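This is the structure, below, for whatever I ask next.
Order of writing sets the labels: A, B, C and D. Residues in every chain begin at 1.
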């Protein structure tokens, strides 16, 4: 096993709250173990271009609470090509890098798999995505903050809904996975939740609306995951308008506010733990794995089997929704 | 002058943070001066239907911090008809109401003018609109909170913009007035602000973008008022995409989160002062006026001259934008 | 097994964010299963006095997001006496109550144990304490929100610390357990954490301060758990002032803000799940247990073995602190 | 008149939210008018030591939303001596500084007066103090944010107060001026407000408590200004405990959280306007003045007459308190 003296650290893909907390943990754990850290700017793009800078303890001082990423991020079409990855490899060799730590989501890890299948540089992934749609960890960095942000936004919308006897369709992020939609739906007391993983959402929504209307409930909140199979909030709201002309219907797309902001307690702790775990994994001789946390324990998953996951719609989840919207 | 023994209180039009704080102040000032308060639910709709309830000090306990309105609100097509207003009048007579206090915006005040031009019941308006587009007051209840909410949302978006070298077009509320757009644009350090009151926004935006790009500014935030003459955020962003294909462009519509939430300090104080001032105005024999605050002083404006206003685009404002986006 | 037709619900002890979300879940789960719910006001005090009210779905509408408890709470010396508990029992019999659901902390559960050891009414406890010092659940309702509130407060204090080269001693709640202190210490990037469970905190702090000073770190945050064995923040800060007169030292006691506020996502979800689980437990014939969540699963713990717990100071925790304050 | 080619900018005294927004405005306005800006670190201390750095548009990018001050601040005993001021003057001459812009409070302005009475370098002050106790401006930078922070903290405390039938004494900042105490007292719906400027507070509090108790009000919030003549929150709460043993009494000292955090909309706008106004004043040939905003207009006040001010306790304010706590 080659000793690890110098690592490269990069953040890739969409940003998420907790990225800076994780950067800080990786850097401090490295310093603690006498490893040098080279930061790469703009994700794979910066890796290909050799956009490197030295990181020390001061570089990551006073950033734990900040949204975004001090290293900047990007999506890189070039890294999808073997030429791009070859350039990246040459840059790493030239800089004398012994291992790479990448904080990213499933798109970024696809790049990692392609790279590590060809080149022999130990590579550790740390899962970060507000969508939470990755195997190998219960929660990815950013998910807890994003759900809290969405929840607080919908709490505000509830004020207006309560004042006006109106139905609000609120679309949250999550791409084709329903993690944010489910969590925020439960937590704002939504009367209905439309998530990509279930069918018949809209039919069920009609039933709920009929029930709600019958009970003269004053307002209704429907949380819609952006990747819902029946369409997003605009599409579903139109279907409802046709069937229930008596309701006043409004659509809100929460959008990018869910990506930013100061990370929550859970995300800072998760980011700190995983950042430290990544360095420990390297010191233990691990390579080409993702570190995650499952049921409170740090787990390693080979990068090649890390994959996209969806929300499991089990009976307990369905019953919880039904009970709480009683 | 008829002594005021019993008043009716209603909230009308879109809700705004601070409504409950104002309701509380009206009720407590009335009790303080031995006046009874009858609450009307659902604005003019409830007035026409006689949907009344008694209000005392406990009714308004622990509501100063809440968004929305405990009396609910509505927009009422019926009140636009003389039949509707006649029903309303009969309800007020039946209940023995000596005066009406209405917390509303310009749409609601149009109804007030129509009513008071026919019926002789003293009527006091209190200005409430997050859009701030009313004469007779520097700030309407809800405006300060709405701008703070929009600002905090855009602060989060800035995190992502900074991380990704991207242009964000963020559309804020305000209908055809640019108050929210201007304030939040200044306060988030937007590189450009598109407000309904100015022409050539888009042309100026092109200039700013060229300048920004030349200086290699990493990210750009453009705040767009929803009623902008060149179109909303979607339209303008499309124009930019065509002209600057090198930028990564994203659109966010902040939407209804700007209406809700706990009111800010300024809005609670304004709501409290105006609620008390409304009762003082009645005790002073005033009728058919709106109470407002201009440069720190309470002012009365006859309801018939209260009107829609727009943001004044003077040289000082333009220069401030130009300087701060240097 | 007696069928459960009517339950009593009460909240007891110090309030915690998520109480209302849990009340809502208990009521809705009961209605869902055709069980009537009688609410008890003011905890055991109200139980002894028969201060009961009927609860239905509307009672718990629009409360999921609110701090405090709509049922009010109290600490009850009377319930510690057998006379008090006998009165409580008579009130329950008179009302025809088949089972009791209590949301409380370790003090409240001591009362539950005393009651259930004498009287045969099924009793289900739900753990709620911002201090998180209870066995039988990974997290008690309120803990996540309290740590987030403390963290956000210390983030603000960090702004001042960074501006002034000053040491801040920030005392957080948690009584004689260090859960809040540890979590917030990690999450604000504290240079030192003093928790009740460890000895030699102050000696270690001296070492850290010497190291920090040597590295010319501009500011220092020390998080102190209120029940620390070396004294609270005032005591420790005095010891530091004596040894390091070159530092400007300030003390902040965060205090009661940690108890209130709108619950976080995690607390709303936990409160909702445990509220539903309590009713399911009753339907399953369980009695005299506390429902909790451990590693994601609902677990039942007999009330008689639920007990106070402390933060486990294992090597992983100590190393995490040391690494992150590098 | 000497042309202004290069200015020095410093922040002095306690930090306040909005300092960074003001720094940004001063720097950008200077650049806009082709003036160079030299930043001074650590207030007067850095001025004496020549701790200077160049500031350009990028230096102040993405700081408008941050609490604290990127230039750091300090209190400087040395600047109170003529030797210290002579050193400062020599540093300014050596650096070729044509004018100084200082963002500070009354302590800092005392230093400015001493300096400008001896040395002939144009000096512009910008008022910043969360205590708001300065003449020459309606509001100083930081005051609006501090009151909002205090208000939000007390809103959380209200949750607990409502749940427990308890009296909370909450001490807010403001030194010997009652601006924060008055504003937050009104805005949280406090049952009583104790401010340094009034006598007989405690006697009035006794009356309120008797009235509140008589009306069986469930909880009471008393907001106490830290510099109250009858003592702080601890002292007054003890007096109350003696007289009203039936109440459960708790004390909270909000403390330093009021200094930090992201600035509010109002503070960012004020900071931006005053920063620009300071440069305009220099360009207009002004010297040794403070720029402020009174009733919406920019005003210049000679530094030598800027002084400490107190809250004016007029009848309108007293009546507002009495009415709203009805």
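Convention: contacts are C-beta pairs under 8 Å (C-beta built on N, C-alpha and C of every residue); 3 or more make two chains touch, one makes a residue touch a chain.
Per UniProt, the chains are A, B, C, D = ATP-dependent 6-phosphofructokinase.
Only a predicted model underlies this, so the values are computations on that prediction, with no experimental measurement involved.
Enquirer: Using the contact definition stated above, find the chains touching both chain A and chain D.
Expert: Expected: B, C.
Enquirer: Most remote chain relative to chain A, going by C-alpha centroids?
Expert: D
Enquirer: From the mean C-alpha coordinate of chain B to that of chain D, what's the distance rounded to whole Å?
Expert: 28
Enquirer: Can you give the whole-Å distance between the Cα centres of chain B and chain C?
Expert: 39
Enquirer: Take the average of all CA coordinates in chain A, do the same for chain B, and state the distance between these two points in whole angstrom.
Expert: About 35 Å, centre to centre.
Enquirer: Which parts of chain C, given as residue numbers and ranges, touch two or more other chains?
Expert: 155, 158, 162
Enquirer: Name the shape of the chain contact graph, picking from line, ring, star, complete and other.
Expert: Chain contacts: single closed ring, each chain with exactly two partners.
Enquirer: For each chain, which other chains does it touch, given as pairs?
Expert: Inter-chain contacts occur between A-B, A-C, B-D, C-D.
Enquirer: List the residues on chain C that touch chain D in their complex, please.
Expert: Of all residues in chain C, those touching chain D are 14-15, 17, 19, 42, 66-69, 72-74, 149, 153, 155-160, 162-165, 168, 218, 250, 252-257, 259-261.
Enquirer: In the complex of these two chains, what residues of chain A are touching chain C?
Expert: Chain A residues touching chain C: 24-25, 28-29, 31-32, 57, 61-62, 64-65, 138, 144, 147-148, 151-152, 155, 158, 162, 183-184, 186-189, 215, 217, 262, 264-266, 268-269, 272-273, 276, 295-296, 319-320, 322-326.
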